[in-house]
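Next come two complexes built around chain A: one with chain B, the other with chain C.
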Partner chain A sequence: MSNEWPLWEVFIRGQHGLSHRHVGSLHAPDAEMAIKNARDVYTRRNEGVSIWVVEARHIAATAPGEKGPLFEPSESKVYRHPTFFDIPEEVGHM
Partner chain B sequence: MYAQMIKTARSGVKTREEMTEQEREFQDKIDNDIKIEPRDWMPDDYRATLIRQIGQHAHSEVVGQLPEGNWITRAPTLERKAILLAKVQDEAGHGLYLYSAAETLGESRDELIRLLHEGRMKYSSIFNYPTLNWADIGAVGWLVDGAAIVNQVALQRTSYGPYSRAMIRICKEESFHARQGYHAIMKMAFGTPEQKRQAQDAVNRLWFPAIMMFGPNDSASTHSEQSMAWKIKVKSNDELRQQFVDQTVPQIEYLGLDLPDPGIKWNEERGHYDFSDPDWSEFFDVIKGNGPCNVDRMTARRKAWDDGQWVRDGLLEHARKKAARKVAAE
Partner chain C sequence: MTRDEALFEFLLRLGDNTLILGHRVSEWCGHAPVLEEDIALANTALDLIGQTQMWLGLAAEVEGKGRDADKLAFLRDAWDFRNLLLVEMPNGDFGQTLMRQFLFDAWHSVLLGRLMTSSDERVAAIAAKASKEVTYHLERSADTVVGLGDGTEESHARMQAALDYLWPYVGEMFRSDPVDAEMVAAGIAPDPASLREEFDGIVSRVLTEATLEIPASSFGHKGGKDGSFHTEHLGHLLSTMQWLQRAYPGCEW
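Coming up: the complex of A and B.
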């Protein structure tokens, strides 16, 4: 069995109610130590008020090859953006 | 610059005609400043060169803690001690960000550390020089981290996503390092004549090693071409060195210290400072392992790793037992 500590991905929520954001990764023997290490490494300058850690092997991700089929369809759907619609100035702010 | 003399895994840059379809698509992404991400296809040589460069960069951050850690217990005030401690802790973090970036390429951190400890990977030549007095600590923060910033700011635009993101994070923190160093040396340069003498001595000794950090002259730098084409490297050694000299000379003058190199002169025509070449034979000698502190640094690194083995093993064993108990209870 490998004696290398497993890899954890670290997510931090900043001060202003934003969602947790991926900030990096680290090695730790377990979740408790991962949180302690994350606190030492990724919040030394008030970067956050909450930490999530998850072992990297538990993250499922899209494959680079799927990029086209997954994300290209939205490119042609410009009407999903508010700026697609011209609203006369007289109507005022909308 | 924390990575020097990175040997590109391939000699010569392929022309578009020589490239496969896949390689052409890859090069197009790079030319269009689209970042390469861990699971994207990449040429094997791109991967190998990056692992070497990011690995060496990571090792430099970690070994770089040693010359400064040396002064934590002897800092002149409690405040300076806390500041130095914070800086050295940052360096450990920088090492971690970089090892993490290298790991996304499929090379484990433990493996990189093993290669370093076996002498098969290098770290920046600068950390093989001693820090003899407190002024050296100021000069290291100001000059060494200053030189690193020049390199790392450029590397924020590097083509590999995780490396670029690590650089962005590191640059934010590095600016504190340079400023605290300059602040410390300012105190000495404006202090007693003896303090000023020590500040001058530190600048004199560290100037050439600092400008060596950028690596050999472009004319002698054989590995750069492919790395530049792949945007693993963004600016040439000489470009970065010139930028560092231009920004640093006025800072030395402000301190009222003598310039450490009689060759430093403003060149109106070029719009840059001229300066003397460092002694490159010294540089190559230090890289080869013959610097004043190479043996000390590697001995300290290996000892730290070996002494920590029981802690790493113990914590892992504890985590495994706890996990097994949890499974049994469910």
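Coming up: the complex of A and C.
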């Protein structure tokens, strides 16, 4: 497999003002070609105004096995959502 | 030859270049060495076919004989085609395809840049639209030529072989004839010879970076743009491309 091009993760900004979103991945020999390939693979239908690529090996990720200690404790802490304030009528929609 | 007759010929040359190269590049669809290149080549082919619709559409309008872009594309035979010999050359390996693309893109980008200031507004408008696509084509093909030329021993050898094979078809891009002279006189298009310096600048910069050597011979094939002497490859290409319209005349879907 060492002859394969490295894997790149592709992030596209759909419109000005929105943040870049992960749209998928592709193979490319270097960053420049990864951007070109991303242009051809992911922006054919006018999806983007900006492209980021990052080599997949540079992304550090949480392990699925750790999801208990990482994420479950917050499930029972509803008070972390700001839903317990009385909003005066005059304020209207926030 | 009236000015409109010359303009018709000139527009056929532009449209036939993009049609024939577009078809050639589309032959890679589903066969390219990696998925990303496959999609990129198909995009390039589609861009070229889109430009063909504009050039041949305008050609048909200028001709004024009731033909349209489809009739010009599918119902002419080899001797009526006006494309450069370079674009009808077979794909060969991936390197040869990309070398052909690079040589064409370099010339195409220079030509479209000049056509954007054409005295004919319709020509200028098509050139402006096509130019954005071709700028990208050139970036991509140049990068790939450098990547493969300055790559492994094998990829370098293949790219040098491709350059040696295709270089004799470069000269035709810069030859002038009475059609060109009429276009220059009307301010519609530049003299082909005047594109050479800028072309040489792009090509020598990229090929040097690709560690490839431009062949010393200045011998050049000709006969494509005036239709007098196409290669045997064009007829085979047309028989595939035009098969459906020939077998089922007027068929639409």
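Definition applied: the second predicted complex is superposed on the first by the 81 of 94 C-alpha atoms of A that agree within 3 Å, B and C clash if a C-alpha of one lies under 4 Å from a C-alpha of the other, contacts with A are read in each partner's own complex, and residues count from 1 in each chain.
Everything that follows uses one rule, which is that a residue touches a chain if its C-beta (ideal position, glycine included) is under 8 Å from a C-beta of that chain, and two chains touch if they have at least 3 such contacts.
Quantities reported herein were computed from a predicted structural model and do not represent experimental measurements.
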Touched partner set for A:P29, first chain B, second chain C, both or neither: both
Touching partner for A:H93 - first (chain B), second (chain C), both, neither: neither
First, second, both or neither for A:H58, with chain B first and chain C second: neither
Partner chain(s) touched by A:V41 [first = chain B, second = chain C, both, neither]: both
Which superposed partner A:L7 touches (first chain B, second chain C, both, neither): first
Contacts of A:H16 with chain B and chain C, given as first, second, both or neither: neither
On chain A, the residue positions that both chain B and chain C contact, one per complex: 5, 26-27, 29, 33, 40-41, 44
Residue numbers on chain C that touch chain A, as the complex places them: 34-36, 39-40, 43, 136, 139-140, 143, 147
Chain A-facing residues of chain B, complex: 37, 39-41, 86, 89-90, 93, 96-97, 100, 103, 108-110, 166, 169, 173, 312-313, 315-316, 318-319, 322-323
Chain A residues within the chain B interface of the complex: 3-5, 7, 24-27, 29-30, 33, 40-41, 44-45, 61, 63-64
In the complex, chain A residues that touch chain C: 5, 26-29, 32-33, 36-37, 39-41, 44
